[in-house]
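Got a structure for you, written out below as structure tokens; questions coming shortly.
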Amino acid sequence: MAILNRRTLIKTGVAAAALPLIGSRAFAQEKLKIGFVFLGPIGDYGWTWAHNKGREALEAELGGQVETVYVENVAEDASAIPVMRDLAQQGCKLIFTTSYGYMDQTIQVASEFPDVKFEHCTGFKLADNVSVYNSRFHEGRAVLGTIAGMMSKTGTLGYLGSYKVPEVVLGVNSFLLAAQKKNPDAKLKLVFIDSWFDPPKEAAATETLLNLGADIVTTHTDSPAALQISRAARALRLRAGCGHVELCSECPPDRHRGHLGPTLHRARQGASGGHLEVGEHVGRHDRRHGGDVAVQQERTRRRGRRG
Amino acid sequence: MNWDFLILAIITIVGISTPILLAGLGELVVEKSGILNLGVEGMMLVGAISGFAINVYSGNPWVGVAGAAGAGALSGLLFGFFVLTLRSNQVATGLALTIFGTGLSSLIGLSFVGRIVPQFGSVFPPELARDPVLKVVFGYSPIVYFALLMVVLVAWFLKSTRSGLILRAVGENDLSAHSIGYNVIGVRYAAIAFGGAMAGIGGAYFSLVITPMWAERMTAGRGWIALALVVFASWKAPRLLAGAYFFGILMWLELNAKAGGLSFIPGAQAIPSQFWAAMPYVMTVVVLTLISMRNRAGLNAPACLGKPFLPAT
Amino acid sequence: MDTELAPRLALSGITKRFPGVLANDNVSFSVRPGEIHALLGENGAGKSTLVKMIYGIMQPDAGEIRWDGQVIRVANPKAARRLGIGMVFQHFSLFEAMTVLENIALGMDARIPGRELESSIRQVMEQYGLKLDPHRTVSTLSVGERQRIEIVRALLLNPRLLIMDEPTSVLTPQEVEQLFVVLRQLATEGCSILYISHKLHEIKALCDTATILRGGRLVDTCDPRTETSRSMAEKMIGAGLKEISKPASRALGDARLVVNRLSMAAIGHFGTALKDISFTVRAGEIFGIAGVAGNGQNALLLALSGEESSEDSEAITVDGAPVGQLSAKQRRLRGMASVPEERNGHAAVPDFTLSDNTILTARDRLGMVSAGLIRTGAASTYAGEVIASFAVKAQGPASMAGSLSGGNLQKYIMGREILQKPSVLVVSQPTWGVDAGAAAAIHQAIVDLAAAGSAIVVISQDLDELLSLCDTLAVINEGRLSRAMQVAEADVHEIGLLMGGIHGEQASAPAREAAIAG
Amino acid sequence: MQVKLEKRPEPSRLMLVVTPIASVLLTMAIGVIVFDLLGIDGFRAVIDIFVSPILLSYKWQDVAVKAAPLIIIALGLSIGNRANVWNIGAEGQYIIGALCAAGIGIAAGTTGGPIIILMMLLAGMAGGTAWASVPAGLKTRFGVNEILSSLMLTYVAVQLLSYLVGGPWKDPNGRNFPATAPLQPEQTLPILIPGTTVHLGIAIALVLPFVFWLIMARSVFGYQIRVVGSAPNAARHGGFDSDQTVWLSMLIGGAMAGLAGALEFAGALKAINLGFPSGYGFTAIIVAFLGRLHPIGVLIAGIVLAITYVGGQVAQTTVKIPNATAGIFQALMLFFILASDVLVRNRIRFVRSPRAGSGQAASQTAGGE
């Protein structure tokens, strides 16, 4: 999954189908209740951590207008269904399902609750009340790759991957292609640890990457283990850095950001009583506006498919 | 292959082996006293969060490690209370301890997410610890040296001290030890507390050394590997050391298999990484079978392991 | 004090009472320095209780113990050791996976550094010719070698009195010889030895004095070298046996149970191997097996009941059909029933109801099972029948077996087997710990069953019981069975000799050696 | 004064029933206190975890879906535990059962129907049985400790699952995620109550306890298991073979775990991914003990545990405690129930310290501890 620093999105089309998620009425008195379904623990310092930061920022910014609840450690299988259903039954009118693996479950539960809007992260199936959102991570990865290409002494770059899935592969390719623009001889050492979150394994894998000659390591896993390891490996002149979460050279947990953009934007739309239209929303990282909060509308496309 | 590669490989392997070495060493002593504590994973997690939390408050990683040891020992004593004093079933109680430790650490950890802690300095002069070659000897966290020291101490304790002899006697034949006049329950309490302390330090190695942060379930099942390790080492401390590094090599091979960087082992890329990941467990079963096949003579499996102590009234 | 005059140990008027049993009744005797003193008696004669009091494991209810002339109270074994009393137990328990040295260290009261301890061990071993490698692991040692560990441990304390509880029961003849050499040497050095045994020939060969106990009372203190085996046997088992009530002679039928050269390896370190056991029991016959406990009775029961199956299916036949390799369940279907000596946990499950306990052995013969399901009604009915026929004092079939008194449970168990009308019944210690009324009822039931044509084997340590109950009798000793004797013609003294291990011409020395070698 | 345990002549039937209930109540009480100390609304948390799932009817189906595998696995384990056979590898057998069912599903392609479903369930049972036969064989043949061997094999099963779903059985349309393709709709278990997730497996989980109760209470096999566990020598006397008991109880444990895996796969999850091993096999050990190894007790305990799972999720959104917290409650319940075994078998008496020094006193206190 992904990560996102999201910014936002858009949407278009179809207004016909779009439900007035939140109708214009009532919002003054009634808070919008927003539910989040998280893949990992909110303390993972990664994907879920960043999503949760978005949730917190949302409460901070829209305090009086929204109420948020979340459920963490939700497996990406059918057991997510009762969780989503529960959130809907508790009165959530907007539910973020924050991982690809919730796609079919989101579509199913959405069909049971036509008056609840669902925002699914990184999926591709849409329904009348299901939108998907994502970030253009590959753009950030390309920036990282560019830096890595310019800074690497050995020309060997390390990439700590989670699963060999399209999003991750996309990031790997953009990282390497960007690096090779600066250093045509750049090579990439890539490890997939088959897990989003396994700090000891991430740490050991990072050491393995360093061991294989990488002097810059980037990560697409959730914990900051890789960053901490590379940081500790002082023998490398260049500390490795930076995963999908945030571009930063001093990594530890306090510097992660992410996910805020789209989350905020969509919620703001809902809370303000505007229509939330269904579609695919892709955000781009934009540091000019403080990175995580900046949201810009970029593209909207309505697809015909429905879950 | 070059020296740098080898040195870094050794450093990685020592690093991933240390927590299972620590926890395994504790469990070794516990099992030697005749008790099977399946709660290692839970005690490690309790140690990980306690060490981290105490480090946050004290600002001193050493105090954190001591706190982790104390918290681990306490959780061990909880297990001991049920198993020894109330004579509950060891297997079920141990599993409950793991579940308990996982939940408790998550709960305590709520307020420690995202905190930063001071880290250990090097025990050796930085020139040594950072020397590209010498760091293979001097470049580790103090806990790594502590673990090695403990291997020596535990081996010496079990082999050469009277207390160690009594501990082994209790695990070998609790009824006889009791009839000679030794305090079986007391010895086992002590062993369990030690086992908990070592598991706690093993857990703290995750939250203070490998990745200085707190994250739920950050020990990621290493407590179970530690249990396997004790059996694999056939209950001998020196073999435990070798076994821990051997398991470390397997874990490292698993990662290398995933990295596709194993060109130095012909054909290794064809072996799925899961093969390496399963190896510690498969080999443990094999070792266990070999142990059981031969006469128990000369073997170290404590005869009372996991059995309740029921002295005649 | 004058050790020439004061005995090392003197007991006077020692009495010890357990609930329902007078274990020692006013026992007095003394042991001189350097004397090898035998304590002779059958099981239950009170030998063990007596030495436990000397060693401080128990306290006497009355009487006094003098040590070197002084009245003392031995509070516990540690105090006994401090006085210089050492003891080698019959069933020693060692730490198998540990070395000899470690085992000895664990048993010492004092902390002695390993190296020092090892040198004292070597010294003791050299002094007494005990061969033992201190660094061997116990699990690799023979039983005799294990006993040497206990002896060495006792000797390290420089004992002035060494108590040996049936030391030879687990030893080979060669080991017995070596042990005697050691004991004699100890005695010449002034150590007194209290030697518990029921083996007459050993006592004659080794001891200076013998104190004979029977039923908790001291019968005689004599010089075994001047006594005959026969006279000691008579004292041990009671010359004044009450009248043997010979069973009315019954017409015996065909052979129903035939045991032919049954041999079986020992189970565990303290088990007894069975060697070449042969006997025949005919329809209507009650066949008694006498012997001192620990001579293979348990093994024989397990072999007959089928809990341990034989390698030779012809070794046991029932009504002509070989059953040696059949399981307990299959033998029961052939009409064999058995009652082991241990009631709780072996013959019956204490946590189960009486009704459930019938299922244990009666399920197949009495049709308590259909299609794999238990007919609880049938079990309960049968339990009720047993309770009624045998006057078992119990609330009913739903009572827990463990809640019954020993005698009632025994009646219940006997009844459970007898009412199944087995063609062969093997029962061990049928009236052990049972009050007189229950014992009489059980005896009557056995006689009735025999009268109905069953073949019955009764294994008992109670010679009176066997003499009054059985038609035929044989004695088991060290896993061998003597020839069978008609009770009507039996010579009590010969039985005593057989129980004491004097085999006469039947167990000639060469045969014995050969058996051991095999 | 010291506390002395005195063995009861008969286990207390009253305690047998009272202690599990008391354990749950005590757990709830301690929960309130501990959470309050931690600054969380303890009363609310405990109510949400233990009571809300009962009060909210829409939660019932979730409880049922969670309880089904726990009950089925625990039934099998309770047989082994009764006979003192310690299969703690049910998690692995559960995984293998699901994989075998998935294998049948994949092999069947688009074919579905009752036959295929039945084959999947049978394959699941066969797989679980096969996995359990390894520790059973090692135990009976070589005396290998089944606790350790079955535990180790669980992790081998996890790796096998990882290999299969990330390799040969990976869904070709799954964007390379390590997961099997979702089952064909005709291959999934029928839904019993339209509009819910209540699938056939839940009915099986409701019926099986009664079947097991019948077996344990009425069959010769159940009798055999009880005797072997209670008095091994008596079992031998009764003609019951101990190796056979080990085999049967292990294999039944494996078959039930395998069945639970197949049902969970074909009824609830419909696909296997790396998250499939969710610890049901371990939690079921708690269920077995909480249910006092009695089939009907297991049924109730399975439901109680499922309630704490579902309630744990509720509490996450209401009092915002991490979902692992439900584990604290589960563990506490088990601690208490195990400890209360002492009360079932013993009564507690306070006695004066005996005179020190005398041999008699020493032997009395020896067992008192």
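Labels for the chains are A, B, C and D, by order of writing; each one numbers its residues from 1.
Basically, a residue touches a chain if its C-beta (ideal position, glycine included) is under 8 Å from a C-beta of that chain, and two chains touch if they have at least 3 such contacts.
Note that the structure is a prediction, hence the values are computed from the model and not measured.
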{"item": "Closest chain to global C-alpha mean, per-chain Cα centroids", "value": "D"}
{"item": "Chain pair with the higher count of C-beta pairs in contact (B-D, A-B)", "value": "B-D"}
{"item": "Centroid spacing, where centroids are CA-atom means, of chain A and chain D in whole angstrom", "value": "36"}
{"item": "Rounded Å distance, chain B centre to chain D centre (Cα mean)", "value": "27"}
{"item": "Gap in Å, rounded to a whole number, between the CA centres of chain D and chain C", "value": "46"}
{"item": "Residue numbers of chain B (touch at least two other chains)", "value": "106, 109-110, 216-217, 301"}
{"item": "Where chain D touches two or more other chains, by residue", "value": "162, 166, 322-324"}
{"item": "Contacts with 2+ other chains: residues of chain A", "value": "41, 73, 194"}
{"item": "Set of all touching chain pairs, with the criterion as stated earlier", "value": "A-B, A-D, B-C, B-D, C-D"}
{"item": "Touch list for chain D against partner chain A, complex", "value": "56, 58-59, 61-62, 65, 162, 166, 175-179, 182, 197, 268-271, 273-276, 278, 310, 313-314, 316-318, 322-324"}
{"item": "Contacting residues of chain C [partner chain D, same complex]", "value": "56-59, 74-77, 305-307, 327-330, 332, 338, 340, 342, 345-352, 356, 359-361, 363, 369, 372-374, 376, 400, 402-403"}
{"item": "Chain A residues touching chain D - in the complex, by the definition given at the top", "value": "35, 41, 69-73, 75-79, 81-83, 85-87, 89-90, 100-101, 104, 163-166, 169, 194-195"}
{"item": "Chain B-touching residues of chain C, taken from the complex the two chains share", "value": "78, 93-98, 102, 105-107, 111, 114, 137, 139-140"}
{"item": "Chain C-facing residues of chain D, complex", "value": "9-11, 214, 218-221, 223, 226-227, 230-231, 233-234, 236-241, 357-360, 362-363"}
